[in-house]
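What follows is subunit A paired twice: with subunit B in the first complex and subunit C in the second.
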Partner chain A sequence: MMSFLSYFISGVSLGSIYAIIALGYTMVYGIARMLNFAHGDVIMIGGFAIFTAVTTMGLPPMAGILIGVVVCTVLGVTIERVAYRPLRGASSLAVLITAIGISYLLQNVALLIFGSNSHQFTSVVNLPNLVLADGKLNISSTTIVAIAACIVIMIALTTFINKTRTGQAMLAVSEDRGAASLMGIDVNKTIAVTFAIGSALAAIAGALLCSAYPSLTPYTGSMPGIKAFTAAVFGGIGSIPGALLGGIILGVIENLSKAYISSQLSDAIVFAVLIIVLLVRPTGILGRQINEKV
Partner chain B sequence: MAILEVKNLEVYYGVIQAIKGISFEVNQGEIIALIGANGAGKTTTLQTITGLIPAKAGHIIYEGKDITKVPGYKLVSMGIAHVPEGRRVFAELTVLQNLKLGAYTRKDKSEIDETLKSIYQRFPRLEERKNQPAGTLSGGEQQMLAMGRALMSRPKLMLMDEPSMGLSPIYVNEIFDIIKEIHKSGTTVLLVEQNAKKALSIADKAYVLETGTIALSGDAKELMNNDQVKKAYLSE
Partner chain C sequence: MDAKRIRIQNGITYGMVIAFWVVIQIMDKTGNLSSLLKGLLVPLCMYAILAVSLNLTVGILGELSLGHAGFMCLGAFSGAFFTNCMEAAMPSAGLRFFLALILGAVVAGIFGLLIGIPVLRLKGDYLAIVTLAFGEIIKNLINVMYVGRDAAGFHFSNKDAMSLGMDDTGVVIVKGAQGITGTPRAATFTIGILLLLLTLFIVLNLINSRTGRAIMSIRDNRIAAESIGINITKYKLMAFSISAALAGMAGVLYAHSLSTLQATSNNFGYNKSILILVFVVLGGLGNMRGSIIAAVVLTALPEMLRGLNDYRMLIYAIVLIIMTIFNSSPKAIEMRSVLMDKLRHKKAAGKEAA
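Moving on, here comes the complex of A and B:
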């Protein structure tokens, strides 16, 4: 029982990280109507930025995270400006291929600078573990911090979208870009803000991910990126609560199948569940029903 | 004085020319109607004025400034509001959220609240339904919301695209009464309509568009009695 609880909690924690990454996919999709496949690699760049600041330069972890957030935000906004904005109005296939290209570009730049060897990431969380039930349940502080970070981010983001002008502008752009521009909303700026938020969250996800799984390579962001994308689709792409739900469910399924079925098969199980969900509900669990206007 | 001048405007969709060099002007305080059949270029003209579609050639002058190349979103704070064809309210947002987005370019909160109050006075049904998603409103109510949303920016010039489209006759009359009221309170109106009879009845001047060119223009009352107009657009 205790071991189940422990696997479950670490699944929720892993899922929280997926959820934070999935937010980047889902917000960008909701507002810019594109799949930013380079998002996972922005996480990896964030990881290396924090690694450089904390492990190489010896800065305190909080400063490292801040640097990571700044680096990723600038990177995300630059990618949008240079690679995606010129393609606004182009076919979605062109945008998708560009995103994949950016993904490889980021991986290769990291490969060039940091090499292909794995780097030992110093955890940004230095808190004691939580020991419950007379030592039968030992939850690592990294696990707890990831869940807490996810809760704080979800609350902050929901408040931002519902209470601020920029948040309302994001909702308007996601529903009807043309009508939003008729309200006086600068659509390009709104999309840039969305990329900035998604990329800043990618840095935080990078810090949490590398603290939980401390081996950092240029490919570190790739698999979590794909899984978080799966989580976003699973929950209903475009939906923020969907990203949370999808992320957590995915993390729990992955961890429990690793523990009880097979660690080799866990990814296959995760994606099998995705396929089943999409067969039953093509828009994902919380996705809006598609009623495209002609 | 002309608040809006369109000079030799040409618009293309790909290689197809939708607007073939039209010119017209809207004077301060007027209601101007653009009438014509489906595909004549009425909506394209409005969408080009507010920057949703780029112009290929020609000029759009607003209050003496050339706005042909000004990005659409900047025109709202200059005083141009556009009630688009098909209303295009934000269906998933509430009525109140829609109205507040209409005031997106304004900063003063107490002034915005005042405008909101005046819009609720003009459209009491919007206040009754302020917390409802806009998508749950009837067509006529959505049209009122689209107009209220545009009025939230306190425009000097309001472009309205087919406000009566798809509405029941009772709503059509109500919408035209509202347009008259909006005009009376000092807003210049450029109205695009397929309902030529109604449009000509409230307009000062009108332009008849036919496949991207202006076929006829003049005083609205005179056009109403023009045999050609009667035959083609007033189904008499």
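Moving on, here comes the complex of A and C:
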């Protein structure tokens, strides 16, 4: 029972990281209607930025995270400006291919700078582990911080979107881009802000991910990126509570199937659950049903 | 397009492939073929087949699939499995390879149908993620699969070779993550070109048939197509499973060009599916000739840049981004059409002056 609980909690923690990454996917999808395949690699760049700041330059972890957030935000906005904005109005497939190009580009830049060897990432969380039930349940501090970070981010983001003018502009653009621009909303600026927020979250996700799984390579971001994308689709892409729900369900399923079924098949099980959910609810758990008009 | 122009266009496509074969043959005979290029020939054919077959799904049917490598994986493993099983029973290597190709295509086609039935109800990006998921599931399942054969027949396991429980005559054929080893390397460039021509023949004829027009009408307007009595499910499944079967065939070709076949993420992961999608999009949706050219150029490019070592994939990425922006950005398209108009005016002016 205790081991189940511990797998479950670490699953929730992994799921929280997926949820933070999924937020980046889901916001960009909701507002710019594009699959940002490079998002996973922004996480990796964030990881390397923090690694350089903390391990190489010896800065405190908090400063490292701050540097990571700044680097990723600048990177995200630059990518949007240079690669995605020229393609606004082009077919979604062209945008997808550009995103894939950016993903290759980031991986190879990291490969050139840091090499293909795995780097040992020092955890940014420096707290004692939580021991419960007379030592039977040992929860690592990284796990707790990941869950806490996810909750804080969710609350902050929901407040931001519902209470600020920029947040409302984001909602309007995601609802109807044309109408929003007629109402005087600067669509380009709103999309840039979305990318900035998504990429800043990617840096935080990178810090948490690398603290939980400390080996950092240029390909670190790609599989968690795909999983988080799955989580976003699972919860209903474009929906912020959906990203949270999808991320946590996915993390729990992955961890439990690793523990009780097969570690080799855990990815297959995660994807199989995704397929089943989409077949029953074709737009995800919390996705909106859109009726097609002639 | 009228029938005559279609025939000419298709003729150019076939001619291009045959001309490529002739050039390579001449280069080979005169000793101008580098070993680097020689090693690339079968993969070039394979990628061209994959690109043409994926273009059937993405360009003609209009559905985004990110699981093409999964079908290729199925074909590769069933083909290699067949060849290895039949080594004793069927002495002719050519016949074995031929039957393996058919089997690989049939297995991938059947799976295409089975996966297509539930999945093709989804639309757009949802379909994309589900096909990606299927591709990953296929790869993962093959990685834990063990198959052996002894006097009593076939044995299966999903744990390890020991739990197959075979007697002394047993041979393990599929060894989980180690895959299938010892497949004879029967794939040649000529066979690859013949398969590419066969793929083109199937796809081009399909497009220009009544069936093909029905499929394209679904792409252009599903509701309108349905309202004039086109059976959407039937035609979608048909296009999807033909595309899967052709990918399976390419997989068999691939399996017979390597001595060790493993289901790694490099071989059959979603990255491979994305790579094929890149060929299709850059070659032009629905344009089979473009798919072949893009597959050949983009497969050869990183190899040709090998001298630049670490920078080659970086250059590849930048080329990919710039090409897409130049090809598809609304501003670039406008600029191009203005330029074309100017050129045309100049020509017309020149003619008038003369």
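Quick notes on this one:
Going forward, the second predicted complex is superposed on the first by the 290 of 294 C-alpha atoms of A that agree within 3 Å, B and C clash if a C-alpha of one lies under 4 Å from a C-alpha of the other, contacts with A are read in each partner's own complex, and residues count from 1 in each chain.
Quick note on the criterion: a contact is a pair of C-beta atoms (placed from the backbone, for glycine too) under 8 Å apart; a residue touches a chain by one contact, two chains touch by 3 or more.
These numbers were taken from a predicted model, which means no experiment stands behind them.
Shared-chain residue A:Ala94: touches subunit C; no touch with subunit B.
In the superposition on chain A, A:Ala268 makes contact with subunit C only, not with subunit B.
Judged by the number of subunit A residues each one touches, C leads among subunit B and subunit C.
In the superposition on chain A, contact is made by A:Gln168 with subunit B only, not with subunit C.
In the superposition on chain A, A:Leu182 makes contact with subunit B only, not with subunit C. Of the two partner chains placed by superposition, only subunit C is touched by A:Pro86; subunit B is not. Of the two partner chains, neither subunit B nor subunit C is touched by A:Val12. In the superposition on the C-alpha atoms of chain A, no part of subunit A is touched by subunit B in one complex and by subunit C in the other. Against subunit A, in their complex, subunit C makes its touches with residues 58, 64, 118-119, 121-126, 128-130, 132-134, 136-137, 140-141, 143-144, 158, 177, 222-224, 270-271, 274, 277-278, 281-282, 285, 310-311, 313-314, 316-318, 320-321, 324-325, 327-332. Residues 165, 168-169, 171-172, 175-176, 178-187, 288, 293 of subunit A touch subunit B in their complex. Of all residues in subunit A, only 29, 35, 37, 83, 86-94, 96-98, 100-102, 104-105, 107-109, 111-112, 222, 226, 229-230, 233, 237, 262, 264-265, 267-268, 271-272, 274-275, 278-279, 282-284, 292, 294 touch subunit C in the complex they form. Those residues of subunit B whose C-beta lies close enough to touch subunit A in the complex are 50-52, 71-77, 81-82, 84, 86, 88-93, 97, 100-102, 104-105, 149-150, 153.
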